[in-house]
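Common to both upcoming complexes is chain A, partnered first by chain B, then by chain C.
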Partner chain A sequence: MNAPLNRRNFLTRTAGAGLVLGAPAILRAAEGGSQKINVALVGFGKQGKVLFEAMSNIPGLHFQAVCDIWDYNLKAAMAKVRARQGSVPKGYSDIDEMLATEKGLDAAVVATPDFWHSPHTVKCLEAGLNVYCEKMMSNTIDGARDMVRAMERTGKLCQIGHQRRSNPRYLYTLHELIQGKKICGQIVNINGQWNRAVTASQDIGYNPKLSIAPEVLEKYGFANMHQFMNWRTYRDLSGGPISDLGAHQIDIFNWFLGVAPKSVFATGGHSFFKEREHFDNVMALFDYDTPQGQVRAFYQVLTTTSAGGGYFESFMGTEATIDISERSAYTNIFRESSAPSWDELVSRGYLKKGTAPAAKADSGDAIKSYESAAPEVYQLPGDLNKPPHQPHLENFFASVRGEATLNCDARHAFESEAPIYWVNPSAIQKQRIELTEEHLTV
Partner chain B sequence: MKFRHLLLFVPATAFLASCGSKEGTSDSAASSGPGGTPGGVPLVTELPPELIEGTPKPIQVPNLEQAPTEAPTFLVPEGTELLSAGKTVTSSDPYPLIGSLDLITDGDKQAGEGYFLELTNELQWIQIDLEQEADISAIYVWHFHSQKRAYHDVIVQISDDPEFNEGVTTVFNNDYDNSSGIGQGSNRPYVETRFGKVIDGQNTKGRYVRLYSNGNTSDEMNHYIEVEVFGKALGAETP
Partner chain C sequence: MNAEEPKPDTLALSLGAMLARFWLAARAIQTGIEKYAGSTLSETAVSINGQPNTYGLTDGAATKGYALANYHGVPAALYDKFAGEPFMAGWALKLFDKTLGPALILLGVTILLGVASRISLFALGLLYIGLTWGLILIREDSGVAWLAAHMILIIAALALVRYDRLRILKKW
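== the complex of A and B ==
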């Protein structure tokens, strides 16, 4: 699993590249790898394009085939591959035909809608391919279980696209600061959120002149073109915002704590997008028992407002709070005034002293005896200089070459994702769910 | 007003008719009144509805013009017409990555899949053939407005030479560091929105309009949803 990323690796990769962080040590071999890997792209919608752009920076990949049921996406995939590698890949609208026809494929990158993740991943694994599959693993926990079983049955690699697991910022924070320096003291609470503006959460538009034939849509499980374009809002096709956005961050809760929560209590509603099947805002409470003690975590996903700090995870301890995000601008570390000095950590390059927030003028409503001293602000000593998905894909392809181990294989992804499958049921039933072995295991 | 009748030249879709709006200007970044031809009439065109998708990426370019919150006000000579509707478009990239060149002059300015053209990375151009020389007063551009972003090295030129070797007039250039090699410009980078960008054609005479770009703040690619060229045709079709 994740190789510890220490300060030396962190800073070595920074040298010569400005204020940037490179990949962790585990990834370096992948960067230099030259053994050709024949890749099939399965699904070339918005996320498929994001992954392809991230893969464009990875040497040694040969995109042999692409598959998408929408001719518009398929043509785009073929054109982008041609532009990148100078040869046109074979295009397919049906994955079964692709797997039956193409010889010599080493890997598939699956970025289809959530309800197709499990069937497509299992098909590819059983065809002898290694698979990188976007998260959420599936729209159902049983679909995710099938993926774990298929990975272990076939012995092929299956990486799930929780890309923060390979992000040097997250690896450094977990291994060096939280586990190594125990900088937080005892973590007691976690707070996470993804607040997205209502304008950024509208239905995805499409040109009706390019619609897929109804019989094709039906064959692949879509009632109509709107459902094909906006599958994330339908309960039979996806897990909704708590899955699309929240899964990335709740995964970090579980990964950093190293345990699954023992309960979840959630609420949600159709507060703005009243026609959608999935809730447009969800708030969830998780209770954990960790070796250090109890931890309570709160997570909210809003598709109705962007205010409140964007998207981040906040690990709140007795000596420090770490705000971490895929965006460096949201990443800060706050030292409690009672914590031991961090001057040595700064002098040794583990942290940078941040800019102190401007002192606020006293106001009449402040009761000084109720307030704690303001924490000092610190920052990480570097930053990621790659597209956010690239390190995770590098880890996958390095693992295919036998030069690394997966940072988020299907079994470990399942262990972290399993509690997330119970958020919507808790919100729908308006009940706290005690998470047992039955809820959390394959 | 006579000019509003020119909207008939824009093949508005049913969706646009129900959701779009016809709006006149006031460039929020400008404080000294409307630009364009003094004493002219406001340029009016169909504006697409707002449709923003996903999480925006930070826009990090110097001297960025503030995103407008309303349609820009721009004055053009009375009698100005939309000249580019349905006209032939060519490009430096013979194999667009997404979409087709005819999308640029099809009158459909919506965001979303199937409405935009994507050209490959690095400096690329598209070129509209107006089929005859014209006195060009404005070029209205929508690169990609479902995500707030700024395109690099936006350069707009007019010429009677289809190769743009001779008689070239540059009417807009925000290549602040001459990374294009075409020359340093003094116009400001700007944020893509549904309001598009009105570029002053300066009543330049020419048959061809060429627009350059060099990627954007979200990715390396070049995009166009629609380009409208406004002006007055000067005569018979030239060979």
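== the complex of A and C ==
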């Protein structure tokens, strides 16, 4: 389906897909809906609910079946579907039974724990379904490779849930501002983070009366109910915070730069949650060679403090810095004082002038010759006024209808995710890893 | 009572009782009504260089509205947290979710009209204790403190109720 990876150009294909087909496809999907698509929901935990809410706004979907090993989730899914479409979907606790029984399914939306992503996606693809699967593709790089191979072997669609790839704000920033108007000049550094407080990172509790039977848990790979509820903290079940939270943003680094990093060096530890298998805080440095020059990217995921203002990606250029986030409130663009004027861009609607932070009064501790002039603040001209996952799902269903091309199919997602699989090994080994074709290819 | 002690200012106490009653009624009624609130989003595509943009960037304006279909007793984000608590019985959570909005409106109206004020205020207090217990379970300490302020007002209203002249079913 696609040529093997080349570090310098592999992500340009993804960028092209988004530029040429992605945005119009989103608009068409929103208007469309004439062709009914029969959907199976596989996994209806927290993320499954988020995706369902986003899908509730998309016309033409019929939720035919739902599958979850936890009866509590299964009943919730059936009730929500019934409330939305007026008919009760068929409920299953086992995906094999669902695939063997249900006829006429067109697509599956997989939102199971990470270590089930690959087996569930492969099963669905081989059963002839198109699949939307949450990121991270898998808890192992080999699991992710299996997904790419299954997609290409079956010829079915497989979209991975890097939903920022279909977000109009991200598409506009990349194609119009960075590539089109080149407002950053040369991008020289990237900084990204997802920091959240200890209170937001606690283990998820459960009602013992609602527990799943031990034999069922064991059948599906969970040692106990705590592990079922908190699989994100276990090394055999997930990639931990760097894949759980970081994958979305490191994907943006690679997508925006259009290349994969050539090395990663990471560090991590158990700063607060000492009993967890995965590190609670991880910091990673990526080195890139881009056509414009070298770029270094720093990424941190801290589950022990909200310091630094939540989650965002910051692209630092010689003429401007773009702070972008899935949350509009964290998005700002800063023009260097030495950069060409943006007045024309503002007058033509490409940017909005923002409110500059209040200037600090002169004081004795500032040495003026060491400081740069304060940059001007600008903002994007518009917003996404939908749930953040909706455009990506719209793109998927429009692609199922043959009206669009996937914005993040499994191969492109793999090419972007592959470096992330090497962050934890680097942190554990305390060694820089030079990323070769072997590390990054299917 | 000592003859030298001043007589209570019954007018002020009566006004105080009514103010406490009206505040609690307003709080309960509007909180109950807000359970039926929803928003409708209208979007217009942002124009760039004189043309509507093709990326899907929009200027959105949310319009608030009320409908029975919008009803949400316990907010979804909190519902899942409550459901995961071992002390929280599923049936009780469902019952609370279904009745919270109507109960707030009903009690708010009876308190506003002064219908069986003692019973109405006591029932509202019990409802707030139920909410407080749930927030303790999920460690929402600021919410607990906020509800405690409501409880103080309810107790004040109960203490002043006999001075409140505008009531129906005064015995209760």
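As a working rule, the second predicted complex is superposed on the first by the 412 of 442 C-alpha atoms of A that agree within 3 Å, B and C clash if a C-alpha of one lies under 4 Å from a C-alpha of the other, contacts with A are read in each partner's own complex, and residues count from 1 in each chain.
Heads up, the rule we're going with is that contacts are C-beta pairs under 8 Å (C-beta built on N, C-alpha and C of every residue); 3 or more make two chains touch, one makes a residue touch a chain.
This is a predicted model, so every value here is computed, not measured.
Chain A has more of its residues touched by C than by the other of chain B and chain C. By the document's definition of touching, of the two partners only chain C reaches A:Leu384; chain B does not. In the superposition on chain A, no contact is made by A:Lys430 with either chain B or chain C. Look at A:Leu210: by the touch rule set out above, it reaches both chain B and chain C. In the superposition on chain A, A:Arg348 makes contact with chain C only, not with chain B.
Of the two partner chains, chain B is the only one that A:Ala329 touches; chain C does not reach it.
Touch criterion not met for A:Arg153: it reaches neither chain B nor chain C. With both structures placed on the common chain, the touch criterion links A:Ala200 to chain B but leaves chain C unconnected.
Touch criterion not met for A:His270: it reaches neither chain B nor chain C.
The residues of chain A shared by its contacts with chain B and with chain C are 46, 72, 199, 204-207, 209-210, 229.
Considering their complex, residues 50-56, 58, 95-98, 108, 110-115, 118, 120, 146, 219 of chain B touch chain A. Per the touch definition, chain A reaches chain B in the complex via residues 46, 53, 72, 75-76, 79-80, 82-83, 196-197, 199-200, 202, 204-207, 209-210, 229, 311, 327, 329. Every residue of chain C that touches chain A in the complex is listed here, in rising order: 41, 43, 45-50, 53-60, 80, 83-86, 88, 90, 139.
Across the interface of their complex, chain C is touched by residues 23-24, 26-27, 46, 72, 168-169, 171-172, 175-176, 199, 204-210, 229, 348-350, 380-385, 391 of chain A.
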